[in-house]
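So that you can tell them apart, the chains are marked A, B, C and D in the order they are listed, and the count of residues begins at 1 in each.
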């Protein structure tokens, strides 16, 4: 299986054109969080901002607002308990929508996800993560025809694909992924694999210092920002996955555990280094 | 067109007199923020504090209060949903009023802006930014005779002046600005231009690392602080504009994106450097 | 009495297996905090996350939520004022439960503690700290048969054991501890002692820079994380106690007082150093 | 007039006794803050914690709670809008009470101050700051016989003493201070003066980088912590005043403005340096 290296990151990352504005770097909307899991939305949005997304909004529970502001004044906020019609325009205006981090699996979450799936247009990028994947599997929701990225860990993928963890091989994963014709699958595991149609690449970095709550939320934010800036391509997604783990491994040289907040703050520096070395 | 350099910053920045107190360095009032865009007010106020304003207050939505305290205990807070009469004295007491960052364009915002414009006195400095500019254009509000600074990006200027972006030249901008006799126009674009009557100067710094949400809010805070400390002069405003971009460009040597929070924290250091080198 | 050294830390800390996930490093639930003492729960949870616990939740008063998110988005939150039946599953799912930091001694706290004690299963680790110890002494609550860790300071131990401070010797403490057959006692004092059945070890580090509010809350978080990662063994607990004081003493070389927040942020670095030197 | 130097700081600061606990370093209660001026209470409490106070509580408006937790989980919180009888025990239990930072001058503030003044006992230290001084002057409240520290700036002192700013000399200040037999007066001005009975000392440090909102609140927190640790003596108060300005001046070498948050974070390091050099 082809291994993702920092060559992919260097090929994907572009020095920003001198004449550009924030609108050129993607409008990212993170839909997630809840009273119980609000930090997930905060971490995903933080990763998106620090990875360079032009404009980042969070649609979440009101209880998330103060913590979000305290950490990330750069992000905008939408109360997702408002009637959907009052903020569906924000979904439509986004280049990249992330749905799932910390959303939970309440009936509210199910209904919200249903509306998001009905609203997304083919030109938009949709990243489905965390509990949204479990809801889709459980409720058998139809995923619309869009630029789709799925980011399950192995158990979530088992639920979604019907392929048990011990039977997840490149071949079975590719077959199962065919149910989502245009999708990219980021299968999170020891040495994460990234699938798109007949392509598959694998990480061989990403140590156990990352095994802590919030790693997955952080990854979706990086993927969102990269797609917003560099286009939703297979290589873009591979570069985001590599970036996340490369930073954690670097921090792990001097830290036993590498927290999402720390990975996030390192993003602008790592990205500059990759640009300057390429 | 004359280019703004750090000579302007050095000429404007003054070593503080040994005998002085916070009242000498300007009372700045930031009116903005909302449930959706609260971070904008937080960033603008933070920039004002870190750029040396003596006393900074934020008039905003109550939902902004905890995030503001968490980041910036140095700022005071006013709930702008109170009857205006209860806090109009704070508007009157300010040396510099910023209106607009994150204010939104709701009917509440329109009415609030109307009251602010009626309250401002000729001796006060008024910086109109963001959505306040759009409201003024849309509602055809009259801007009072005051020390006026407008900080539109090109689209906002098009709305306000009626000059389409592709027709914005020095000549057309100067003609349009004549509608605001005493105003300074900070026209935000690639290589921002600063107009005042027959004068025009241009930045040739400010790279694309700054193309991220909150850059404009940060700039208004710096302008407010500089006017509060060094007087509302054309050169003061040019110095503030230069300072904002110079810091971002310096950070961009090691960062792919330079976030408002990071620019803000660098302000006291940059200003010290400019003083010591002059 | 045997002295705890960093050999214990080196023996307990394990390099993480390459193939592992967050579930392998412990689900920690901190039950505590209140409107008055919310920071205690935040510090305990922060220590648990920075010491490497895989998943950390805080069950607390709603007033704690925003401050927790602002400092620690990695943690999940449960409103403990909900009917207990709605979140008892979270207690059952935890590998390690900390109860007490900042809980207070209200009748609500008494009832909550009663329910926790009834819910805990023998396979779970239960760390009882702070006001929970006082409640148990005062209400004569029965502690269930579980992996029990008690973390009183001398006065709390006097209340719990009936042994007055001036009569607390190794012999009297061991006799009193026999009332809790499987418990480990961390008796916090100048040169903290750790008891388990016939074993007793003592710290000879931990200077007075740590004599500040929140030190105890921080310690419980570290113990919880260590038990979650390395198993609930006597040596694990000794290693956690040593780690807490060793970090503070290191910081005290350049600080008059060493705050919990600072000790917490140093945890990942200290743990990496211990691994690499072993 | 005698000049305060760092010799005073070195004489006052004591290496902590090896056997000590947080109760030995003072229970400090900060009563202040309000919806409008909440940051003042946060900064005062932060200064007290970072200057080494053993236990710090904040009695304030509920709107201050989340911001306080976000910045300073080490502090405890009391909702001062509760009936006073429910928290008067906290006033009685404090070694040092600070009243005033950000309290405002509402009728609520007046009544609260009245109750505090009635509750304080002769053995307690009471630091009266900011708006509390104005209230006392305006309402002609009687200050009880206690360990009293007044921290007015010149205008507040004029209101309190009846001595107009231009007539404030050592002689007139000493005469006016005689109205408060046991009080220490910290008269904040360019080169702050500290009076106690016939003694007077003056700062000759403390540059204009400190002329920013929150400096005074920070100073009261430092004084409170020093009194809590080293006793309420004239030299202790002089040492606190010097420490505040010495840190700011050191930071001012590389910063144009030195914010309270930055001074606060430097406190533990400065205090260690003074101890080690003495």
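Observations on the structure shown:
Methods note: contacts are C-beta pairs under 8 Å (C-beta built on N, C-alpha and C of every residue); 3 or more make two chains touch, one makes a residue touch a chain.
Source: prediction; values computed, not measured.
When chain centres are defined as mean Cα coordinates, A lies farthest from chain D.
Homomeric contact chain C/chain D: same residue numbering on both sides for under half of the interface positions. A separation of 48 Å divides the Cα centre of chain A from that of chain D. One inter-chain figure worth recording: chain B and chain D are separated by 34 Å, centre to centre, where each centre is the mean of the chain's CA atoms.
Counting partners per residue, chain C has 66-68, 70 as the residues that reach two or more other chains. Contacts from chain B toward chain A in the complex involve residues 35-40, 42-43, 46, 63-64, 66-68, 70-71, 153, 190, 207-209, 211-215, 252-261.
Within the complex formed with chain C, the chain D residues making contact are 13, 16-22, 24-25, 49-56, 62, 65-70, 72-79, 267-269, 271-272, 275.
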